[in-house]
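When the chains are written out, they are named A, B and C in that same order, and each has its own residue count from 1.
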Amino acid sequence: MRRGRCTAARTRALAVALVVLGGGALAPVALQAADPAPDARFKQLLQQDFRPRGGAGMDRLEQDPVQKICTETHDRPPAGPREALQKEQLEAIRWPADGHFLGDWRAGEKVAQDGRGMTWSDLPGAVSGGGCYGCHQISPQEIAFGTIGPSLLQLGRKRGASPQMQRYVYGHIYDAKAYNLCSTMPRFGFSGALTEQQIKDLVALLLDPDSPVNRP
Amino acid sequence: MAEVTGARAGAATHKALGVGRAARAIAAAWPWVAAILLWSGADTAMAAGGASDPVDAAIARYHEMLDEGNPAELDEMRGEQLWKTAAGPAHASLEGCDLGRGPGVVKGAYAELPRLFADTGRVQDLESRLITCMTGLQGIPESEIVAKPFSTDSARSDIEALVAYVAGQSRGVTMRVPVHDAKEKGAYALGERLFFYRAGPYDFSCASCHSSNGSRIRLQELPNLSTTAGAQRAYTSWPAYRVSQGLFRSFQWRLYDCFRQQRFPEPVYASDATIALTMFIAANANGAVYNGPGIKR
Amino acid sequence: MGDPMKIKAALMDGVTEVKVLMRHPMETGLRKDESGALVPAWFITEVTATHVDRVVLRAQFGTSVARNPYLAFRFKGGQPGDRITVSWVDSKGDRRSDEATIG
């Protein structure tokens, strides 16, 4: 009996659908299959080949919308989604209740020097540092600085220490993605890595005229 | 009368005491780096990129001083012993192990890993392949091997010594990691995807540090692993002896410690994810001459 | 008995250069382990090198010398095939001696 063309096409479509939908669940584990990397297989790789340790749980591998779009576009998101997500990040910033942004620059230097916190080898709940010297030049006395981020030497002297500038610096440390969506800089306040006081102390390090960052 | 031409002071020793004839050699580099940067004054801010040149020169000089007398050679010696000595319940040596160039062929094997292996049907890196051989030929349980794969001061890892030996046997060999079979291509693609995957509380991917040219974290140069030039420089310097740890470290260890600092959960030792990432970086390094285990700060 | 050393000896223009790589923890006694406890001192105290039967180098090592020490030195004379012996003693009284021939 000859099959109608419609039936054959529908059968083919169904077969394709089954392969596509069922492919993720039925495919051999991740790496070892022959086809290129579809989403399901990559997700399986992450689930099977990482395990929780210390304070670093598997939830850390789930991406939020910012991480997702920056990953997919290799840090070059289109303008529309970029603006929208930046706005969302800005609205999520918790500003100091007392309206003050300037802490103690000496304490700030300690926060900037300390690169510990949030790894699986750090005790959960322990005080974290900002690790700022990993990426930035800050105080002129510290020669062991990184160059991933711009130099912050003389920042207060160059840009002033007005309340608006203080607020900008505070916001930037709290959540750099509110100002530059795919910035390499971690969201230190948003992630809970640094406390409000620690961020205020960093603002002081960068903007206080007495800070070594700004001395002539 | 003999004339002493070389000695090395360890980083920890140097920090602890700061004195001693051997320590001075290393300590000598830092004061003139500081002097140059302080002398540069306010312009250092603008020339942060330019100011990295005297710093880079000082770092390069430190590396030159380290090059002689790499303790990794002692790990190579120990690895060779382990390769040739009968061990495990099967009382067999590893001399029948196929690292991709035929059973027992060690020379040049590291320069062609990771690759697809017909017997396991998997793409494997060196450490994964050593597990295959240690379990298959020697009968050592896998759980025993992966329980503590990285050396500590008190307990040395056998698999790290074997890595040193095998890697050393590719000294002078041009890297030629095969990305021909569909599985090898699949591994490369997955590795690339993992390389760019931003996650965790710090939003870090490998690319966050390793996808630009000329940057460094503190004073550590960050190779651009997404390019041929960067991958060639970086991949050919691993595995390596880490002076600051006083221990020999493999590439699996390097990935493990990177993920730790990325604030990710722990990667499973010699898992497909780590093999995929290794495939991405090693294949990017193809064409470079591998010069055997390196030595680093 | 300590771990084997790696010794290379090469003759050039009448001068022999010897390079030695030793395996030793070289603990200063000032370092703390992960638990915060002081790691006890344990380091090579003396190194002796002989060319055939003549002592060519005697060194006093101490806590400023790195873990897995590397030592290179030169002396006038020597012929290819001559035996070089390097020995060390450490602060616990452990010893090690290895040989190489001049290449």
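Worth pointing out:
Keep this in mind: contacts are C-beta pairs under 8 Å (C-beta built on N, C-alpha and C of every residue); 3 or more make two chains touch, one makes a residue touch a chain.
Nothing here was measured: the structure is a model prediction, and the numbers come from that model.
With steps allowed only between chains in touch, the distance from chain A over to chain C comes to 2.
Relative to chain A, the chain whose mean Cα position lies farthest away is C.
One simple way to say how far apart two chains are is to compare their mean CA positions; for chain A and chain C this gives 49 Å. If you average the Cα atoms of chain B and of chain C, the two centres end up 27 Å apart. Residues 1-10, 12-14, 16-17, 19-23, 68-71, 73-74, 77, 153, 241, 243, 246 of chain B touch chain C in their complex.
Of all residues in chain C, those touching chain B in their complex are 3-4, 6, 17, 19, 21, 23, 25-26, 28, 30-31, 33, 39, 49, 56-57, 59, 62-75. Within the complex formed with chain B, the residues of chain A that make contact are 29-37, 41-42, 45-46, 48-53, 56-58, 60-63, 66-67, 70-71, 74-75, 118-121, 133-135, 137, 140, 143-148, 150-151, 153-154, 177, 184, 186-187, 191-193, 216. Those residues of chain B lying in contact with chain A across their complex are 30, 33-34, 37-38, 42, 44-46, 48-49, 52, 55, 121-123, 182-183, 185-187, 189-190, 193-194, 196-205, 207-209, 212, 214-219, 222, 259-261, 263-268, 271-276.
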